[in-house]
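First chain A sits with chain B, and in the next complex the same chain sits with chain C.
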Partner chain A sequence: MSWSAQTKMLKGASGIAAILLLWQLSVYVVDVPPHFYPSPAAVWRAFIEMTEKGILPSYIADSMLRYLLGVLIGTAIGCALALLIASSKLAMRMLGPMIDFLYYMVELAWIPLFVIWFGFGLPTILVAVVYVVIWPVLFNSLSGIRSIQPSLILAARSLGGSRWQVLREVVLPGMLPQAVNGFRVAAGFAFRALIFGELIGAQSGIGYLIFESTTHLQTDRTVLGMICMGLLWLFIDRNYLRPFEKATIDRWGMVVSHDS
Partner chain B sequence: MTANGIAPSRLARQAASIGLALIVPALVVAAWAAVPFFVKVPAYKLPTVMEIGEQFWVLTSSGKLGWELLVSGSRFIVGLLLGTALALPLGLAIALNRHVSDVVRPALVFFQAIAGIAWVPMAIIWFGFGQGPVIFVIANTVFFSTIYNVVRGVESIPAVLRNAVRSMGGTGIGYFRELILPGALVQIIVGLRTSMAFGLRALVGAEMIAGTSGLGFMTIDASQSYGTDTVIVGMLVIAVVWYVLDRAVFIPLERKTVVRWGLQRFQ
Partner chain C sequence: MSNIRISGLTVEYGIEGQPRHLALEDVSFEVCSGEFFCVVGASGCGKSTLVSAIAGFVPPKAGRVEVDGEAIRGPGPDRGVVFQEYALLPWRTVIDNVALGLKFRGVGRDERRRQAAEYLKLTGLEQAAEKYPHELSGGMKQRTAVARTLVMSPKVMLMDEPFAAVDAQTRVVLQQELLRICAAQKMTVLFVTHSVEEAVFLGDRVMVLGRPPHQIKDMIAIDIPREERDWGTIATDPRFAVLSGEVMNRVRGN
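Moving on, here comes the complex of A and B:
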């Protein structure tokens, strides 16, 4: 590691340490009930206690399983729909405006309806996650397909490519960079949807931990849940999503704009 | 002849596009109406189109819908202004000073990851149920989204321009007013749209959990008594409001500013 990267990391760590220190010190200064403003020490104790009891690991496992399942199903549906719609110009013109409108639908607004349809519990959470994944994937895949130069498709056809070959050799690679972009957006949405779904209708998971603990005024657990949520997301993003994006986009030799 | 020929054909093509676009929603509505004939669904799970229209009329004529819309809208604006006002100075500090950036960024990335609805339960403890937690969560969401846009806006200013302004003696206020502000503004305005999209989600989500009024509360409250028609009316109203806001305000605003400042949007 270079010298400047090292000092950068040290500075960053000092920022986080300063926040923790100020947080702990401010607890001594402000005189409020502990549940109103839990200290970092209390959060740490909650972490130890919940880990020893095995509650925290099982909650994290539950959340991750739901997340993974929802993202996979949603991505598969989104990509399949995009290819289906794109295979026909008529379908594109018929469905395009409707997809645009559904994109404006705030996903969270579906939750009450999902609760009525599927009850509280796993189905509602899963449907919510799948739902929020489908749209960004579909939307971006379609715009990826739209951006393919028609001459490329015509060239492939005039060289004797069958419909299937054109799909595999031209449309799919042309769609992929945008689809990956959509997938990244979707993965972020899905994480929020998971937490929200668990907040509203679950018996386990990180979102449940964040919400349920406040009703017993165990806010040290609430804060622990929030910290777990942040770390979990950063872990997923840095270890899986970014490398995945890099690998696929390098592989297909295309550049897309990077957010964050 | 050609001049006369073009206009009707374009009109016809547009009409065809609109016609084609209406087929699918019409089919969806038809399928929706047909479901009860084929499958036995309890009425509360799938109200008819007519029932939803009626409920819309009831909610509108009684003024309830207008009132909830007003309540949600004013919270949204307050949260948005609060979050943006707090984010601008910090964003500029991070963008303009490398030391501030190095110290703050890792913490910022973490807080960005938990911004939004995860704060609702703590916000309820702090502010009680009602509009306090809702505004807090909107402001929180907008804050982290806007900081990112400000930083990216300043960073998108080409180094050549910075050096040029500097070498011609631009410092302090002049440097800020002539270069940083106009340079970053496009990204900030473009980013405002993203911030508002996140803010809207925060609004709806927070109202469902912590609210005692507003559109989000209206839908979740109705779902508890199986008022599915109200839930669907609420969903559609939220979508239409956002659609109109985006089409009528943001897309023109974006086009105007991007053209006005003579910059391209990189995407």
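Moving on, here comes the complex of A and C:
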């Protein structure tokens, strides 16, 4: 690690330390019951306790699994629907306005209904996450397909490309840059849907931890859940989404900006 | 021997809620094997529709299109199409663009790259094989598009204003190169343009197309031997001036 990177990290770490210190001090100053305003030390103790009991690791694993499954399934459905709809003018006309509307319908609004339909637990959360992933992926993939030059498809067909070959060689690569845009939006939506879904419809997971602990006035656990949520998103974003974004821009960016 | 036979071809275009537009009405003509056949006309006369119909992109309302005696059904690699806007895949290199049709045909990677390389040589693109389309000039893009259709050994090549988007100097070079390549490949070409000079320079025959009805205004044989088609000398050739004037008159509707 270079010298400047080290000092940058040191500065960042001391910033966090200062916040924690101020937080701990403020607990002494405001002097309210601990369940009303938990101290960082209490959150730390909750972290140790829940980790030792294995609750926190299993909650994190549950949340991650739901997130991953939801994003994968939602992306697959969104892309598949886009291809299906784009292959039929009628479907495009019939479904276009509905897609626009559903895209703007806030995912939260569905969750109570999902709970009735699918009960508490994985199915409801999964449906909520899949639901929010589908629309941005579908919306962007469709506009990606629409942006493909018609002559590209005609050229491929006149070179003897079958329907399937034209799909693979022209339509899929042509829609990819926009589909990736949709996926990046969807990945953020999915994380919020996961937490919202778990607040209402789960019996494990980080969202559930936040909601459940508040009802028992275990606010140290609530804050722990909030911190875990932030760290989890940071982890996903830094380790997966940003490298993915960079890779696609490096490979496809030129394709978007230079029409040939 | 005739290679393309068009008989009674009528093509309509329609956008829902609007009166249908008659692009071609009862058009009949034949293109001979190995002939360089130019179609010239003002914009909106249906000359691009003619290419689309022969390529199989639009179904005719009436009439037939036959290539080598067979009625066409939809697009196919026996009719190579060169578009004004190149229509190259931006995410594929030049050589992979040229090899695309071979890939569709199921030719293995090494073999199709070998064949594509041959046609890159023919079109003067050896140096550009591994470049992407956005790194090429307009002229090189169109060379790539020509190589991409030639590699399929089509019976005919259909060209829809292929040089309209390239600069004047490049266009002159491409026109001469095209004549050379087509002569070497004994290719039958149907070439659509709005430029009278281009049509007369390239064509063995020039068909003047107007709006329906009676769309074929004239069919003019250009009796200048191919060897003498050189922009350096032809511009002062009286035959070229006379024929250009004649075609121009017909395009204007006199």
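Convention: the second predicted complex is superposed on the first by the 235 of 260 C-alpha atoms of A that agree within 3 Å, B and C clash if a C-alpha of one lies under 4 Å from a C-alpha of the other, contacts with A are read in each partner's own complex, and residues count from 1 in each chain.
Just so we're on the same page, contacts are C-beta pairs under 8 Å (C-beta built on N, C-alpha and C of every residue); 3 or more make two chains touch, one makes a residue touch a chain.
These numbers come from a predicted model, not from an experiment.
With both structures placed on the common chain, the touch criterion links A:192 to chain B but leaves chain C unconnected. Once the two complexes are laid over each other on the shared chain, residue contacts for A:14 go to chain B alone; chain C is not touched.
Ranking chain B and chain C by residues of chain A touched puts B first. By the touch criterion stated above, A:31 is placed in contact with neither chain B nor chain C.
In the superposition on chain A, A:162 makes contact with chain C only, while chain B stays out of contact range. When both complexes are overlaid on chain A, the residue A:211 reaches chain B alone and has no touch with chain C.
Of the two partner chains placed by the overlay, only chain B lies in contact with A:234; chain C stays clear of it.
When the two structures are aligned on the shared chain, A:52 is found in touch with neither chain B nor chain C.
Contacts of A:222 after superposition on the shared chain: chain B is touched, whereas chain C is not. Chain A residues in contact with chain B (one complex) as well as with chain C (other complex) are 260. Looking at the complex, you find that chain C touches chain A at residues 55-57, 74-77, 79-81, 83, 85-91, 100-101, 103-105, 132-134, 136, 141, 145, 148-149, 152. Contacts from chain A toward chain B in the complex involve residues 7-8, 11-16, 18-19, 35-36, 90, 93-98, 101, 104-113, 115-117, 192, 195-196, 199-200, 207, 210-211, 213-214, 217, 219, 222-223, 225-227, 229-231, 233-234, 237, 257, 260. If you check the complex, the residues on chain B that touch chain A are 17, 20-21, 23-25, 44-45, 99, 102-107, 109-111, 113-114, 116-122, 124-126, 148, 200-201, 204-205, 208-209, 216, 219-220, 222-223, 226, 228, 231-232, 234-235, 238-239, 242-243, 246, 266-267.
Listing the residues of chain A that touch chain C in their complex gives 149, 151-152, 154-162, 165, 169-170, 173, 252, 254-255, 258-260.
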